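Chains: A, B and C, in written order; residue numbering restarts at 1 for each.
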Amino acid sequence: MAVGFGDQLAQYVVSGLTTGAVYALVALGFCLIYNATRVVNFAQGDFLSLGGLMAYSLLIGAGLPMALAFPLAIVAVALVGALLERLAIRPARSRQVMVLIFITIAASILMRGIFKHLWGKQALALPPLSPETPLHLLGATFTPQNLWVLAITLVAIVALIWFFNRTLTGKAMRATAINSSAAALMGIDAHRMTMYSFALAGALGALAGVLITPITSLSYNVGVIIGLKGFAAAVLGGYGSFLGAVVGGLVLGLIESLTAGLISSVYKDAVAFVVLLLVLFLRPGGLLGVKGRDRV
Amino acid sequence: MSALLTIKGLSVRFGGVQALSALDLEAPAGAITALIGPNGAGKTTAINCVSGVVAPDAGRVSFDGQEVLGLAGHKLACLGLTRTFQNLQVFGLMNALENVMVGLHAASRGGFAAAMLRLPLLRREEKAIRERAEEMLSFFGLEKVAHQPAEELAYGDQKRLELARALAGRPRLMLLDEPVAGLNAAETHEIGGLIVKIKEQGIGVVLVEHDMGLVMHVSDQVAVLSGGVLIAQGTPEEIQQDPEVLRTYLGGGEEFGLVA
Amino acid sequence: MSAQGKKFFGCLAALAAVLALLPLVVTNPYYLNVLNVVALNVLVVTGLNLLIGYAGQISLGHAAFFGLGAYISGILSGSYGWEPWTALLAAAVVVAVVALVIGLPTLRLEGNYLVMATLGFNLIVSVLMVQLDDITGGPSGYTGIPSLSFFGAPIASDISFYWLAWGAVLVGLILARNLVHSRVGRGLKALHEAPLAAAASGVPIEAYKVKVFVISAVYASVAGSLYAHYYGIITPATFDIFKSVELVTMCIVGGMGSLWGGLFGAALLTPMPQLLAVVEEYKDIFFGGILLVLLIFLPQGLVGWLEGKRVRPGGRAF
């Protein structure tokens, strides 16, 4: 059956936006932790893996209904994120960013080891949120999961915006990120705000995992590459910027999908990193032109 | 005396704040030109522009006839323009001697290849650098702490270390950003004396300071900034009687009589 | 020579003596092989320590430079008949240019952009090594790399390579040490601690950072070429992002910026995969756990700790 070019294009756009939404969620996780601590959290991808793995255990292992299993998984990973801050970042004797970044890398290795031990190395199948009856719209064939991913990501983003602008905790977190000493003088516990950032990043990573692994497959290290691509997305949009994370994620998803479809799928995995390098070389502030925060 | 450093029409805007508005200033060699004003007046911003830390929105800066705006920061030391920092920027882990030796970086040449292969050129230079650095430490009374890590030195010593580092390479003009901030009267007096000695060697000094006693005592010319605008310029005596200055800054003048 | 210099060359002489005597005791080719791999890792880590310790930047792409050194030298001599030493030199030049291309734009930015760029670079190189299979042999690797030779005699045995590799290490350590204890080294330390003051003193901070990065890449390239000509076979899996992490880990465990620390870290961590293979199951947990504990409580590294270095809280971070 000959598929028209327009239809193919629509297809690539749909799948691109889907993965793009997931990249956006991961990128937001990076953004949160970076803003709170200036640290690149290399365990972000592992939050994604853990989200999928926990959801699997709760759903298939414990037999919980999906409506319970998935949110619980997200909460569990949020706790893990908080633990990461509390046990690995906060007690660190050196506050140099380089060392802290490496602590997240070590934590990532440790976490993956634990995942491998608990869930094994084989691929697992996490079911999609609803039955996979293909839908057709504007020439593209896609599944309900694509819609779920986009819809839930949108809800998550709106929820985050509301949280940071309308709740006291959210505003406190923003204040701490901007100036932790001033925030402390206002009675805000900077350490606790940082912990919340990690918890939120964990939740976002887990959400991404729960949404994407039904499409891609689930295993103990599925989050590694997705995490790195989410990072590339954050840089593409403008590292450290909330809007940049979202824009970067969607744009990267599209670029990846279109490149794989129109040019060659063989180099698909390299696309994100070529984009990363190009951004760093040509426009380090990303699409949104974010300026560096370092001051004299 | 012709001007060594000439600033013309320097303007800087940070977000919503006009930090500097069309500043004109000249600093000759062998003289001390003070830049004073309330906090936020733009004094450090002016220094940062001249030393290449901040890029201004408009204006020109020339040093010894050469345009220096837009030059990479490190080139200024080679031209003979050095500075100290308001918030101490000593190299904490290195000892005092090494800190001053870094000050001679512009005055020496050996590069990576020469260093890795330990060529004779480098070894000769190193000897000269070390000797000059030791001379500087003596001049500033820091010989005793030569081998102590800079971050362990007393605050006053660290302030003097920055001066030593800036002077080591035999500059022609030094930008001093609050060199006596946080020092007591005796230390201030000592540093004042050293600054005068520096000037007497023919080196130009631009002095940003809040300590009016020091400023009025050592300066040849005083420029007053307020809200990014130059409101007065003249000798210390003229400035102390300038009504505009008295109104906005010195607050009447009684407490700022001639202090020795 | 200064007291520090005497101490360094004293230790170096001691190391040389130990290295000279070791083959008398260690004759098992398996252990010699391990020592050879340690040597190559030390070479890479020495260059990496210059970057980390003196330019204050971390690279997560040194496995890629190592790999490029291996593949370029291997392919030039294997497929195109180049003389291996010439191929090694050519690989080093190419890698230097690549490092320049990556370093120039990223090192002029403030912050840890180099981590990101080198990470992306390594991932791209990994993909290329696999996908350009006409040239590289693809995932199963490239074979038939000739050995290096010394005045006509091929350096093919474990013991002959041992001398070459550790000889290279000694030379590498001396060159690095010379750099560190020079005007340039001072400038590098200065730019790491207070970049504005360093620039105000005449240190060309961008140029220096880029040069250190290029030198560290060349160290890795040379080590990679030696690796290729030793084993005769190379596969892409050896040069992936995890190897880059391992290399930086060696620097950190020993003590960032410490040349002896790098030696120690490499010597300690290189045999570990073999030792831990016994408990393959728990390898990552063990490795990750130890690394985590070290980083949290002993960030100055083991050698740093032994040297009595205090922990610098450092940075403004948060």
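Methods note: contacts are C-beta pairs under 8 Å (C-beta built on N, C-alpha and C of every residue); 3 or more make two chains touch, one makes a residue touch a chain.
Everything quoted here is computed from the prediction, not taken from an experiment.
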Maximum centroid distance from subunit B, chain identifier (CA atoms): A
Chain at the geometric heart of the assembly (C-alpha centres): C
Inter-chain centre distance, subunit A versus subunit C - centres from mean C-alpha coordinates, in Å: 32
Distance from subunit C to subunit B - Cα centre to Cα centre, in angstrom: 42
Centroid spacing, where centroids are CA-atom means, of subunit A and subunit B in whole angstrom: 48
Multi-partner residues of subunit C (each touching 2 or more other chains): 196, 312
Residues of subunit B touching at least two other chains: 53
Residues of subunit A whose C-beta touches two or more other chains: 296
Residue ranges of subunit A touching subunit C (in the complex, touch as defined): 36-40, 88, 91-103, 105-114, 116-117, 180, 190, 194, 228, 231-232, 235, 266-267, 269-270, 272-274, 276-277, 280-282, 284, 292, 294, 296
Of subunit C, residues touching subunit B in the complex: 175-176, 178-179, 182-187, 189-190, 193-194, 196-206, 211, 215, 312
Touching residues on subunit C, where the partner in the complex is subunit A: 52, 56, 58, 102, 105-106, 109-113, 115-117, 119-121, 123-124, 127-128, 131, 196, 245, 248-249, 252, 256, 281-289, 291-292, 295-300, 311-315, 317-318
Residues of subunit B defined as touching subunit C within the complex: 51-53, 72-74, 76-78, 82-83, 85, 89-94, 98, 101-103, 105-108, 110-112, 114-118, 122, 125-126, 129, 162, 165-166, 169
